[in-house]
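Each of the next two complexes has subunit A plus one other chain: subunit B in the first, subunit C in the second.
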Partner chain A sequence: MACPAVPCLAQVAGLRPPASVAAGTETSISTTGSGKATFYLAGPSTSTKREVSLGEDVPLPPADVQSAGRYVAVICSQTCQSAAFYVTAAKPSTLSFLVHPSRVPVGQSDAVSGVALPFDRFRNLVVDPVTIDFHWTAGPAPLMSRPMRTRDGVAWFRASSGKSAGALEVAASLNDLSAHRVVRQVASDPCHLRIKGQRTAKGLVVETEPVHDCTGNPVPDGTIVTFTATEAKGKSTVDAPIKQGIARAQIAASGPTVISVASGIVMGNELRVEAQR
Partner chain B sequence: MKHILPLVIVAVTAALIALALAGAGGPAKTFGIVSGSALPGFTPKAATPEQAVANLLIDVQRRNWDRAYAGLAKTDNRADATSFKRDWTGTDGSLRTFSNLEAYDARPLHATADEAQMRLQLRWTTPVGPIQEVRDVQVKREGDAWRVAWPQIQFPSVPAQVIPVNYLRWDLVSGGADDEWGSRSIDAPHVRIISMNAVDSADGSIVMGEVVNEDTIPAFVNVNATLVDGRGNAIDDESSFDKIAHVLLPKQVSPYRIDFPNVALSKVKNVRMDVKASLVPASADPVIGAMDQKIETDPQGRNVLRGQLLNQSGQTVNISHVIASFYDNSGKVVWVSDGYVDRALLPQAAEPFAVEIPRALSGKVQNFHVVVNQFSLGKS
Partner chain C sequence: MTALVPGTNDYGRIAHLLAISLFLLVLPRYAVRADSGPQVQLDVSKAGPRAVESMTERGVFRDYRFAWTSLTEALESNSLAPLDGPFVGTAKGWLTQAVRKQRQNGLSSRYLSQNHKVEAVFYAPEGDVMELHDTAEYQLQLLDGSKVIHDENEVMHYVVLMTPAADRWVVRQLQAVQRF
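Right, the complex of A and B next:
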């Protein structure tokens, strides 16, 4: 429009943003009216300002709408008009997967929990419901699988630990996306802790039978077993680590001796050894 | 006028030095017998057993080993010069090698015209704090002088041997910086306080008990306590500092003790306990046994738990630290005591240890548990 004699005043008539836009998608906002105006766009992580011509579409490049959320478009000449629109997350491209704990004793109910959150390529949480498949694998054998629908962008599970010590691999997958985490299932407290001993030239050598928990898993090497030998001349204690399944200690005792054993708060049997002949 | 002040300062300094040298050996002094001749490079003939001991200890403090050794009585079993020096300076990176004789007190136990027995209380400054040592020595008259008899010390002698050890250690691997969120978390070890007891003592309040590593990995543990008054306000908070075995292997139990000097327990309404544990690389070796533990009375009349530490591994332990918890007949921890051993633990060799029990508690103690902390040079 030409304004030859008098200063031209732009007229803002309207703004028509798109109903919904996927993040990172090129879109445009149509305007009505005539003349020049200033266009503002404010979103969750962006704000732009530019000069536009009324009556034409205002193009919004993908970089301007990468963050999901509410955007406000404002156009001003003599007066201002605004309109809001929403940018939604694009399709999932990464899966964040949190599993807790990283170690768990065997045979604990509801001890393992996991949370999966789908994100698009701009790190927007995908809140539209999607189905995430959780898989549990111990060793080469798959244990079980459970599909879970996300709610408000979150899918989660809670599970009991198994009965065998070892690595439990937990995977979350969505279409061709997957994330893997490892939970180490460890033996529980020692069970039926038993010792045997024999006299040697240097005193007594005592050792445990192979130390297992109550479900038969070997207690990890390095676990401390405390041997206590009581005789007339005093008490001797040795904190010995389990090595190759057995804890062993050497105790200098020559008289009649009572030997007891404990690991943490678990007690074992008592052994009575006669005096050295 | 302007020269008066420097002159006064010089005069006062000289007077103070003279006063210190003259007064240090005065009879009223009970801590550190120093004769009036403690001038560098000159030690007189000892006319009394006390002076003989003082001469020796002054030379030891100055690390003047040749003169200290030359001043010893010429007995049949006199220590050789090397072992005499080793006895005072320590070996193998032991705590004694980092210690200095700060002060001493010598008291006669009995004396005749030619022989006396003296009890020395030696106060050492060490990296882990002051340590008191008590030694009884014989002093003999040789001619017109008294000399200290220093018998040959038997140091542990370890025969050449091969000790097979299956080393077991835990290493900590941290993921790279570019790891995905959620893939790097390894839980801290599970550690639990299994007992706690708060008692009043002459010096203030003491919180003690035991803590266990319930996990399958080593833990670096620290126990903190906050004393709270009746209105819910914190009075003081302290940590267990060195009164705990900080590195706990799986299922290992350690005593802890937290001292609150100058806080009366009567003001305390509540004690908030907090145990912090973090992952730490650790080794399961060396294994140190605490042998022949027995509660006895020491020469000074104190109740002590004595025993022998036996290094069952093949590596030298430079500094060992004994922490003992004492239980009453109901199994409650009534005291936690600790002590350092000033000699290194050689492989397969034993060294004595002793930790003190307060006199008031000696009748209560029914049982005890000893944990040995160890420090080796060049290792974490």
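Right, the complex of A and C next:
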């Protein structure tokens, strides 16, 4: 320790701080000597100065030691002496819980992830290990539970999405604290696309059967289905959104036509329609 | 026919170009050495579960170093302006309080000769939070007016939470601990 301006010492006998203090706990620093002196306290969010009497304890109110970190206490009369101590986080009182994504297709591996960080009531990160329980619930049924020990103040998970569309509630709990997040599970890509069609005066009307993913969840309305009509004079394509579970399109074709259907990377059956009579 | 053997003037030009090239090669290194701001080394090799990409690494390095430059300026000049941008949340709240209290009591702090050895220990699966461990060495001076009341070389351990903002990484938590 270098003291160019005034003599000072790091851990002097005349200034004895607490070994360690939990955030927001009243404590004191004992001093020796006699007479008046100026006392300083510098911490992560504080910087105080006041007159004290040497030989008496200097009380530190809870408000002075709310932020976790290193504090330096300095006492100056004719010379200055200083000592340092640490304030540690108090017991956890809130959980920061980040879950991604907010919407996920069913049946995807490692598609849902979450990170939980415990903080005390002064927003200090609790770095001492604690066990956080993660719970997954879909509807009334609990799906899974996994306890995770925090490391450096963080616990995290990665999990696969379920098989049924609907709300997946993910909760992180620590003693009586808990934080809940909801992930909307939606149908995955369409599976077994099947179409039927018929001729009309204006051409062909084709439509899918109700579109589901491979686990039977109805594919959301708005998903695009592409119909392709191939006839002797060429090929034409129509994109149609699913409405109430079914995609429908009208195609202008008069000769023998082959209709195929696809949505994303999924192909459906082919439909052969004879020429108009 | 074009001459392939350089003449005397050509040798002079080549020597001149070599001298300029050497100067330009040396210049950036010198500039880094002459910089009196915080020295930062960042190691992301142990971060997980998400791997830190090189663009992210550069961003975190640049923004963490800038955060310390700003902190140093704020606490030395008792100005809140440097804290806008690099700090958010708890870190900004704490530093704002510290600056206000210093100003109220006529105190200030100097963080000199800073050397930060920073290790990324956690990078969230979706990249929305990163935890760093910073072993920082610096000289801390506390001043009452112009009088130095404390002057000490310190080795500190900081647990840091950084999150991505619109165009930079910001420090959300900067918490000193006794040991990692």
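By definition in this document, the second predicted complex is superposed on the first by the 260 of 277 C-alpha atoms of A that agree within 3 Å, B and C clash if a C-alpha of one lies under 4 Å from a C-alpha of the other, contacts with A are read in each partner's own complex, and residues count from 1 in each chain.
Just so it is clear, a contact is a pair of C-beta atoms (placed from the backbone, for glycine too) under 8 Å apart; a residue touches a chain by one contact, two chains touch by 3 or more.
Being a predicted model, the structure only gives us computed values, none of them experimental.
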Superposed partners subunit B and subunit C on subunit A - clash or fit: fit
Subunit B versus subunit C as contact partner of A:86, first or second or both or neither: second
Contacts of A:235 with subunit B and subunit C, given as first, second, both or neither: first
A:102 touches, of subunit B and subunit C: first, second, both or neither? first
Partner chain in contact with A:70 - subunit B first, subunit C second, else both or neither: second
Which of subunit B and subunit C A:42 touches, first, second, both or neither: second
Touched partner set for A:223, first subunit B, second subunit C, both or neither: first
Partner chain(s) touched by A:156 [first = subunit B, second = subunit C, both, neither]: second
Nearest-approach distance, in Å, of subunit C Cα atoms to those of subunit B in the combined model: 10
Subunit B and subunit C footprints on subunit A, overlapping residues: 98, 100-101
In the complex, subunit B residues that touch subunit A: 166, 168, 170, 180-183, 185-187, 194, 212-218, 249-253, 284-285, 287-294, 307, 310, 312, 368-372
For the subunit A and subunit B complex, residues of the former touching the latter: 96-103, 179, 181, 186-187, 189-190, 220-226, 233-241, 243-244, 249-252, 263-266
Subunit C to subunit A touching residues, read off their complex: 49, 89-90, 93-95, 97-98, 101-102, 105-107, 109, 121-122, 124-126, 128-129, 131, 133, 139-140, 142, 144, 147-153, 156, 159, 161, 173-178, 180
Residue ranges of subunit A in contact with subunit C within the complex: 1-6, 8, 10, 20, 38, 40, 42-49, 67-70, 72, 74, 76, 80, 82, 86, 88, 98, 100-101, 113, 115, 117, 123-125, 127, 151-154, 156, 158
